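First chain written, first letter: the chains are A, B and C, and each begins at residue 1.
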Amino acid sequence: MDKLREAYVGEYASGKSEIAINRALELHRQGRKVRLVDLDLVEPFYTLRPIKKELEDKGLEVIAWNTGEIIGLGETGTLLKPEMKWALKYGGDVILDIGYGVKGVKVINLLEGLEDERPLKVYAVINVARPMTSTVEEIVEYISTLGKVDGLINNSHLGEETDEEIINEGAYIVTKAAEKLNTPVIATTVAREFAHLVGDKDCMGNPVKILELHMKKAFW
Amino acid sequence: MAVLPPMPKLWYRETKPHKFCPGCGHPLVLKALAYAIEELGIEDRTIFGCDIGCSLLAWDFFNLDTVQTHHGRTTPVMVGIKRARPELICIAYMGDGGGYAIGSQHLVNAAVRNENIMVVLANNTVYAMTGGQMAPTTLPNQKTETTPYGRDPEKTGNPTLGPEMVAAITPDTAYVARGTVAKLGQLKSFFKKGLQRQIEGKGFSFIEVLSGCPTNWRTNAEETWNFLENEMTRYFKVGEFKVPGQVKEDKNE
Amino acid sequence: MAEKNLEPIIKERRVFITGNEAVAWAGVAARADIMYGYPITPQNEIMHYWTRLAPKYGKGFLQTEDEISAGFATVGGVLAGKRAFTATSGPGNILMQDSMSMAEMMRIPTVMIITQRGGPSTATVIYSQQETTLTCFGGNGEGIRIVYSTASHQELFDYTIKAFNTAWKYRFPTFVLGDGYQSKMRESLTIYDPVERGIELVPAEPFLGKGGVAGLDRPPVHLRNTYNMEDELYEVVRELVDAYNAVAHEIVEYREMETEDAEILIVAHGIVSRAAEGAVARLRKDGYKVGSFRPITLRPFPAEQLRKCADRAEKMLVVESAEGQLKKLVTDAIYGSTTPIETLFRPGESITVEEIISAVKGL
């Protein structure tokens, strides 16, 4: 069985971490060995750190700092934990949660083992309720700044105000952008709370994945 | 009818005679600066900013829109104005304390960023308005109220060489010079070159001016000019340190 | 090349963004011309998003060498007649008080966004309400400034736009006091073009560089903040304070919840007021006669309005993520009231609905 290597990228607060966690847990449920890596080097808040223990208890291997482990996060900078550099050297699946930032996917240049035969798939998470990725043109422009991207994920929502309209609007816009970019739409993701608004497929025929939300308690 | 002494048109008559001490270098600096502005014909768009210390006495000196800021902060205020309204010609005026001590980070970084403003710094080797304390430019062994036995470079470092420093950190388009109130014609030409850079939008200019402070030096006219022309120039070389377009020869070639 | 859209029209819509992004978008919506800033967490994304948006809307940005410079450059931008703003936090807020004191003295309408972090000193980059006193009274003067304390992303957007209007209308430095939680949380809000909503934008005008030849076409403008005599300064400050007091009643904003018959009055500002209002809603269901009062403007402070509520109540509970900074404002405002004041202080730490409920039940 091939080991998977996937990286989730996207705009600030687009839902990358949530999707990365859900993907890691999904693979784990299939009986696979999974390692989840926090590669958010820009944003000291809303990262995997605060829920690291919880995720480890669920059976994932998580490479992230413990919040209390280093002094002055956001003040000393966001530090690369040495283990992160070697994160790809692993016998199981590797899921990378990549933070936002102008450098996009380039953060993976910090990792050893990229030249490995197993390809690293990069998926971009899009929420069209975010004003800089709200139209087909904006998404196409944004994706082109990221570097290599292997697929888009429509994670369009309005938090607690999410409705069918925003999910469908997202599905439509993201699908159109994907066509222009000549890349697939991997899925539309919807929080469990709003799962009843959609079926197995979104209005554009893309598969729907239901998200359990873990990041709300992950502020610090 | 009283006859007015000759003064630049740019000097604001309502506030003359000015408040600087007799023999002070500031009015001479401001005279050369006024003539430079007049000759370039930029009176309609020049903004003058002055610092704290004696330079603040220039707050109502010119027929120019003027703002007096905080100690050391004239450079960032003028940077802020210039960035917001690039069509204005911005001049920051300060003393050695304002430019080399409390506001040195602003001078250094404005120079490095090649901000399109002109900084004019009067160097009289003392904090004058606060009563004659040691300045960054106080000469070795010079007595001030806070170096009563003379400045000891072992303990307080050597006098700041401002233009030398600014020349080292600015790009080639910048203009850097040190003038003196003992050579007003030369000083005016330095100001004009600096302002010309700004008019052309080519970047930073910095002109330090050796300036007399007989009040704090406690010197008579002869001693004042002797200190200014002979003592100070031994340490502070007068001339141009960076002239745009003038390629420096590499002597190590 | 990005198209320069000099008359930004933000399409009105619901969006899902962080508070810092909301501020950057509000700057665009308010037709801000230029931002000056220096990196500090948790403020950074205001700059990150302003620098992403600025070229698209023909706006300026300068990253300065420190917060002292950013504050004074903002003063310069405003003197030049532009809608200039800056944003900072904690130690940066301390450094910017130098320039804000100049803005108070010379009535320079700067706009400054503050994302409070933990203090004193470097402390944490996370959250607190410990910059309340500093933001209200940080200068070497009388606090002649306007401070809005926001509680949500929508308010960050609304009040950032309003801050430019208030600043330019009344000519006092104006602050939007947020915090690390508001900066970083993700919430939905409506972004909009205030002009399309019929909100009039108070025009900026130059203090310096007014056109024409000074001394020929008009007298030169000479601005200073230095004076000689104590009586001379007294006149200046008196005039500033009188001008401030004369318009204070037009500026004050506050929010009351269930105060009419409240026996217990919770007083909180900023994001803590959300927990307070949540507690009131739940306690009311359980039959507690509880209400809440939230000053939205901390300077000027809604003193009369609070006093009326305080006099009706049997007890007050002041709740804040600081050790009594809001309480100082409260006790000053209601001096003479005999309503006892209890406190729930959590310097540098967030406060939940449950904690307030249990504090109220313990009264």
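To be clear about the criterion, contacts are C-beta pairs under 8 Å (C-beta built on N, C-alpha and C of every residue); 3 or more make two chains touch, one makes a residue touch a chain.
Just so we're clear, the structure is a prediction, and the values are computed from it rather than from any experiment.
Colleague: Pick out whichever of the two, B-C or A-C, is joined by more C-beta pairs in contact.
Modeller: B-C
Colleague: Which chain's mean C-alpha position is the greatest distance from chain A's?
Modeller: Farthest from chain A by mean C-alpha position: B.
Colleague: Kindly work out which chain lies most centrally, taking the average of its C-alpha atoms as its position.
Modeller: The most central chain here turns out to be C.
Colleague: With centres defined as the mean C-alpha position, give me the chain A-chain B separation in Å.
Modeller: Centres of chain A and chain B (C-alpha means) sit 56 Å apart.
Colleague: What is the distance in Å between the mean C-alpha positions of chain A and chain C?
Modeller: 34
Colleague: Cα centroid separation between chain B and chain C, in whole Å?
Modeller: The separation of the two C-alpha centroids amounts to 38 Å.
Colleague: Help me check something: in the complex, which residues belonging to chain B touch chain C?
Modeller: Per the touch definition, chain B meets chain C at residues 9-10, 12, 43-45, 47, 52, 56, 59-60, 62-70, 73, 75-85, 88, 105-106, 108-109.
Colleague: What does chain C use to touch chain A in their complex?
Modeller: Residue list for chain C touching chain A: 10, 13-18, 21, 25, 41-42, 45, 48, 52, 122, 125-126, 180-181, 184-188, 191.
Colleague: Can you list the residues on chain A that touch chain C in the complex?
Modeller: Spelled out, the residues of chain A in touch with chain C are 12-13, 43-46, 72-75, 127, 129-132, 134, 157-161, 166, 219-220.
Colleague: Under the touch definition given earlier, write down the residues of chain C that touch chain B in their complex.
Modeller: Touch residues, chain C against chain B: 33-34, 36, 60, 62, 64-66, 68-82, 84, 98-99, 102, 206-216, 220-226.
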